[in-house]
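There are two complexes below, and they share chain A, which is joined by chain B in the first and by chain C in the second.
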Partner chain A sequence: MTHREKIDARGAFCPGPLMELIAGLKLVEVGDEIEVWSSDKGSAKDIPEWIAKVGHELVENEECEGYWSVVVRRAK
Partner chain B sequence: MGAKPLFILLCSGEHEKIQMTAMMASVAAVSERPVTVLVTMNALAAFEKGLDRSRRYKGGNFSKLMIDKEAPDAFGLLGQGKALGDLRIHVCSMALDIHGWTLDNLADDLFDGELGLTRFLSDAEAGDLVTM
Partner chain C sequence: MNTKILVVGGGLAGTIVANGLCRQLSTELRSGSVNITMLGTSDQHLYQPGLLYVPFGKIRESQLFRNQRKVLDRRVPYFIDPATKINCDANEVTMESGKTFKYDYLVIATGSRIRPDTIPGMAEGAHWFYDLDGARKMRDALDEFEGGKIVVNVNAPHKCPVAPLEITFMLQEHLKSKGIEDKSEITYTYPIGRLHALEPVAEWATKEFDKYGIKSETFFNTKSVDPAAKTITSEEDVTLNYDFLVTIPPHNGAQVIEDSDLGKGGWVPTDKLTLNREGSDNVFVVGDTTNIPISKAGSTAHFEADATIDNIASLVTEGRRARDYDGKVFCFIETGLDSGTYVWFNYTTPPNPGAPSQMIHWFKLAYNRLYWLSARGLL
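Right after this comes the complex of A and B.
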């Protein structure tokens, strides 16, 4: 069963949410997921860009009430 | 083939330029791009050991905004870049000499040693060089 960790980075400015996501990914197993919440619009675009660049899997990218929720699955 | 290395020459002591250097360096490093930063000239003073944030940064309007809104600190970003990616930070030998400093005068856990300009420029031929 896929394990999902949540990171609430709301209130943090770019590149804070990205850095928190990356630190979180280092701590989970391949196949597990991280859900990061960010109120920073730049990060909402930067995070999917980073995911694509380094080769992880974007599971979900959803705009919520006042923040974005991005779910990434660790692929390597 | 690996990503093209990024070399950043940080000369300015302005908070905005130090912050931008830290942001570029850390994001590039965590994006699997090797980064080397060479700190020199007026930038050196910001890295003196023992300075608190209010004395470390001198800047303009955007500096004030970053401090007021608690934007990620440059030193914190550089530390994250080193921990999570391939980021090396060196201090210019000449700048240390002019100050009469050694590495011991600089903030802990950031610097990977002294570097001369000749070696830095030679290494930078293999990548992109940005001057701040």
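Right after this comes the complex of A and C.
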């Protein structure tokens, strides 16, 4: 079963959801997943944009009630 | 039985908590029904934001330090005996000396530390100003610098989120004042897709960068530094050449947090409203040590400390918590060597920085001295 950690970054203006994800990925193993919750709809765009550039995997990206949930798998 | 309050960490957050509790619990301290003890790592208290000025010779080193015992209320015994194990199940902390301290309430304020050693080549190839030794070396190297490519490289996570922009603008003015602006080029790298985590600050910085011709490389997360070739490479496969590399290194929390299995990376899982360690109603976490997705900054530590003082004092005297922390952060932003602005926000209010002015810069300079009143819990 894949290990998944959650970062609840709802309402986080600084450093914000993507920066929290970047910091969080350094603390998990390759193959582990991080689920980021963000109240900023920009996260649904900028997290996948970074994931594509850096080479991790986007597992899920969905709008929930009042927030976005983005799941990323550390690939390297 | 008296109530034992233990503060682990003698930085800003821990010191404000201890001093504030002395004021709110003065009757109980006098009667002996409460005692407050602090464990720290040094006899000196460092004003960390002052390090920003060291590379430019704009602050005297004596202004950065005070004797911790003099900053701390004299009713708080202070032991330079760092915690090596925190056991929240047994309510006890073991120190380097081997002694063990039992507590009723624990405040964890062990802070964060720079980790240039976690990126290959960074410690050998880069300058930084986040500790005194690094700031001195950067000052000496800047004195020798006669122009070339400067890279200001920002890594996640880091404390004081505006410092990377401040150092960039200050470097720009420094180059101009030395008359080597035309022979130099600054490139600023940032982990996400804009110049700062706060969108309004990023928008403002973009215009300023355009005005001064400062280049940028966003989505840049450092993979390695090659000190011999003088290159820095990102996880996104971008390589930049440099003649002078300034880095804001990635940070971790304290080793004792990891050694005590209290949180990965040294960050303690913390309730963002109560500031309790998750699962421990008698353990509070303040300052950089928390894993709350919020700026690791002195003002965060200060406002968290204020809430924690109220809550511990209320628990001791009334048996109930007093209030939640609202996520407040306030940061001055130096926009050059003689202008500044500020930004504040909390969990529900977005940031909205104002126009820079010389007056705000002067206020920041005044705060460089007023800090000591903050640490004493008077401001």
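Here is the rule we use: the second predicted complex is superposed on the first by the 74 of 76 C-alpha atoms of A that agree within 3 Å, B and C clash if a C-alpha of one lies under 4 Å from a C-alpha of the other, contacts with A are read in each partner's own complex, and residues count from 1 in each chain.
Note that contacts are C-beta pairs under 8 Å (C-beta built on N, C-alpha and C of every residue); 3 or more make two chains touch, one makes a residue touch a chain.
Remember, it's a predicted structure, so these values are computed and weren't measured experimentally.
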Touched partner set for A:K26, first chain B, second chain C, both or neither:
both
In the superposed arrangement, which partner chain does A:W50 touch: chain B (first), chain C (second), both, or neither?
both
Taking the superposition as given, does A:E35 touch the first partner, chain B, the second, chain C, both, or neither?
neither
Using the touch criterion from the header, give the chain among chain B and chain C with more contacted residues in chain A.
C
Looking at the overlay, does A:P15 come into contact with chain B only (first), chain C only (second), both, or neither?
both
Can you give me the overlap between the chain B contact set and the chain C contact set on chain A?
12-16, 18-19, 22-23, 26, 46, 50, 53-54
Under the definition above, what is the set of chain C residues touching chain A in their complex?
156-157, 161, 191-193, 197-199, 219, 221, 235-236, 250, 264-265, 293-295, 327, 329, 345, 347-348, 350-351
Show which residues of chain B lie in contact with chain A when the two form their complex.
23, 26-27, 30-32, 69-72, 77, 80, 83-84
For chain A, which residues are in contact with chain C within the complex?
7-9, 11-20, 22-23, 26-27, 42, 46, 49-50, 53-55
Touching residues (chain side chain A, partner chain B) in the complex
12-16, 18-19, 22-23, 26, 46, 50, 53-54
